[in-house]
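Sharing a structure with you now.
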Amino acid sequence: MKRPIITLLTDFGQSDYYVGAMKGVILGICPEAHLVDITHEIAPYQIRQAAWMLDQVWRCFPPGTVHLAVVDPGVGSERKAILAEAAGHFWVAPDNGLLTSVLSQTGAATVREITASQYFRHPVSRTFHGRDVFAPVAAHLSSGVPPDAFGPLLSVPQCLPDMQPVQIAEAEWEGEVLSTDHFGNIVTSFDAATFGWVADVPFELLLGGEPILQYDHYYQSMHGGRLYLTTGSSGYLEVAAYQSHAASLAGVSPRSRVRLRRCGERSQTVKTSTGT
Amino acid sequence: MKRPIITLLTDFGQSDYYVGAMKGVILGICPEAHLVDITHEIAPYQIRQAAWMLDQVWRCFPPGTVHLAVVDPGVGSERKAILAEAAGHFWVAPDNGLLTSVLSQTGAATVREITASQYFRHPVSRTFHGRDVFAPVAAHLSSGVPPDAFGPLLSVPQCLPDMQPVQIAEAEWEGEVLSTDHFGNIVTSFDAATFGWVADVPFELLLGGEPILQYDHYYQSMHGGRLYLTTGSSGYLEVAAYQSHAASLAGVSPRSRVRLRRCGERSQTVKTSTGT
Amino acid sequence: MKRPIITLLTDFGQSDYYVGAMKGVILGICPEAHLVDITHEIAPYQIRQAAWMLDQVWRCFPPGTVHLAVVDPGVGSERKAILAEAAGHFWVAPDNGLLTSVLSQTGAATVREITASQYFRHPVSRTFHGRDVFAPVAAHLSSGVPPDAFGPLLSVPQCLPDMQPVQIAEAEWEGEVLSTDHFGNIVTSFDAATFGWVADVPFELLLGGEPILQYDHYYQSMHGGRLYLTTGSSGYLEVAAYQSHAASLAGVSPRSRVRLRRCGERSQTVKTSTGT
């Protein structure tokens, strides 16, 4: 008998009792749940950052995992609560775009609006649906209540604007900074599957001051104090610096724009702009 | 067979090994324990803040839960260690006022002084009773050792001064800031059961600069940059600002004084003071 | 049937999904694992600090525990991965000195190089062996794969320089600051077993400005604003101040040098230098 796994990702921080309250509610309903914190340090209300992170982490968990995500500036308003199912995983979250990346990556997903208030904790407060709606729903789901018991299908969940790079010239693309991590690594929206040629072909990456021209496979072979492009563990190109905080060196933050030019074919466009 | 739940609340922070050491000790005694962190970010030695938080969170957990709380500036001195039982829950803590709110809210509690040193980890250090006294006692209790095995009844545990609002005029009360949370919400000591009339009757709340005159049920309907009174998920009135840090805007911190005036009856007192 | 315990200690911080990813990988392989965070707030790349902490915490856990430690600036390079076994405990870590203190304290240890890539998560990224190498190896080990299945014996694992105090005069020793904790306590490398005489014999401890001349057994009996030597819960002498941040008062940080002089015998050396 496997213990059901419930992951938690919020912007609640760790100095209050809020995450503990959610866990208490879950364990009251589903005592055998295995609770795993992803992070509670999403910047307050930053749905986009959370959406990206949710898509990174679920693949590391076994099928059947329930992912509980609460970044919820609209709590108490008319925004819906949703339950999504895809690739054998489940997500319980507010309907505010938080599942955008997950749903676009997993393909065929079943999304339901959560309306079955008999699974809520009562009275439901107006300001803490994490405790009163999302946690108990995740717990009942983990205890074996079937997904369709929670509410009707929802055909069009809320989505955030696309995060994929846009081609802006023959050999030039514009993307964005998806995340800057604890070490200062800058995760760009250039996915390694499409842009992995940077390991072999001359390129120029622009994100602030000096262009970045060098690629390396791992940190220790980088020269100190310089920025390199590398392939991050998330499958996206990252800018890193050996034992330095690349994001501080480059002066970027999430949502900053990034340009990537392919210089290997010596196209007119690229040659000219290199000179500027 | 249900796994016993042990919650942990301390001022130990998360950068040291102290919380891990406590968990190791617990699992050595009670391997099936389900450990749930409430927070370890209580400001160092702030017993009052911790006392309030302990009272908030226990109701979310099922009966039988053991709540382990260590904010313990008097470690190694003559202060006692206590085990309290109320409403089917258990608390293990230093006898320094940490359980003040819990004991005043739960009513009839059984409090014991922990003296049975056979349940301690030896040698007992003078500076880390979390690891050597409180953790092993919580673990043995969770493993089935009956409460009365840990020591004799204690009739008068240490208590902090009262946190309840005081009426200072016909329609005016003085309370305090109990907590400011990660989002900047300011939790006041005005409980919603007694002071819930603010949703319906004109009022004036004073806590710093401009008086707060408006109440709203949830965050998203608030206008940006302005302070509102709302009913927090903890059952107390809170001051909040939509996607802003109300505590910074108002310049308050825990223990700050707050005044609430009922203006609905247009009492002489209130009218006059509104003009100041 | 006991659930296997896996502890986690990293420099990953808690704002990214990295720790969550490791836990997901572990639970996919060993669903019954009991995961215990020690800390993820080791300062980035600070192997020495982590090495000390690893040695502090393992003794609190029951035999059979697997300790997973990832502070890994050399990830992706030729540095080895190792599995150590001593005193009935296991450690999985990069071979970069992280286990120095553990191995020197536990005595006879069996250390293996981890080479059996069938236990890795594939594809193995160049920048996140925590997820792709160390976590799955710890999980397979906890699931019952015998240690010798992971690779051949390694006779000389990497070690950091010695951290033990050096005698520099008849009654004078030089040590270092091993750690400064959340409360500001300064843990020195003077172990209480050897230097416990400070409780009984006049001494002088130099670590910054004024010499420290007083010893006390616990915090509450200290006078505010002054530095005292005490015996920390880790078995080392610590410098503390009652409800104050000793490390800030003294202006020291890990690796700072500390001198201890025994004044009890009124040796010439000590007398002279006391006068300076």
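Order of writing sets the chain letters: A, B and C. Residues in each chain are counted from 1.
FYI, a residue touches a chain if its C-beta (ideal position, glycine included) is under 8 Å from a C-beta of that chain, and two chains touch if they have at least 3 such contacts.
Please read these numbers as outputs of a predicted model, since none were measured by experiment.
**Q** Among the other chains, which touch chain B and chain C together?
**A** For chain B paired with chain C, the chains in contact with each are A, in label order.
**Q** Please tell me whether the contact surfaces of chain A and chain C are same or different in residue numbering, using the over-half criterion.
**A** At the contact between chain A and chain C, which are copies of one sequence, the residues are largely different (under half shared).
**Q** Working from the CA atoms, figure out how many degrees chain A turns to land on chain B, in steps of 5.
**A** Rounded to the nearest 5 degrees, it is 120.
**Q** Can you give the whole-Å distance between the Cα centres of chain A and chain C?
**A** Chain centres of chain A and chain C, defined by C-alpha means, are spaced 33 Å apart.
**Q** By the touch rule stated above, which residues of chain A touch at least two different other chains?
**A** Each of 14 in chain A touches at least two other chains.
**Q** For a test of understanding, state which residues of chain A touch chain C in their complex under the given definition.
**A** Spelled out, the residues of chain A in touch with chain C are 2-3, 5, 7, 9, 14, 34, 36-42, 53, 56-58, 60-62, 65, 179, 181-183, 217-221, 230-233, 238, 240, 242-243.
**Q** Would you tell me which residues of chain C are touching chain A in their complex?
**A** It is residues 12-25, 27-28, 31-32, 35, 44-45, 73-77, 79, 125-128, 131-132 of chain C that touch chain A.
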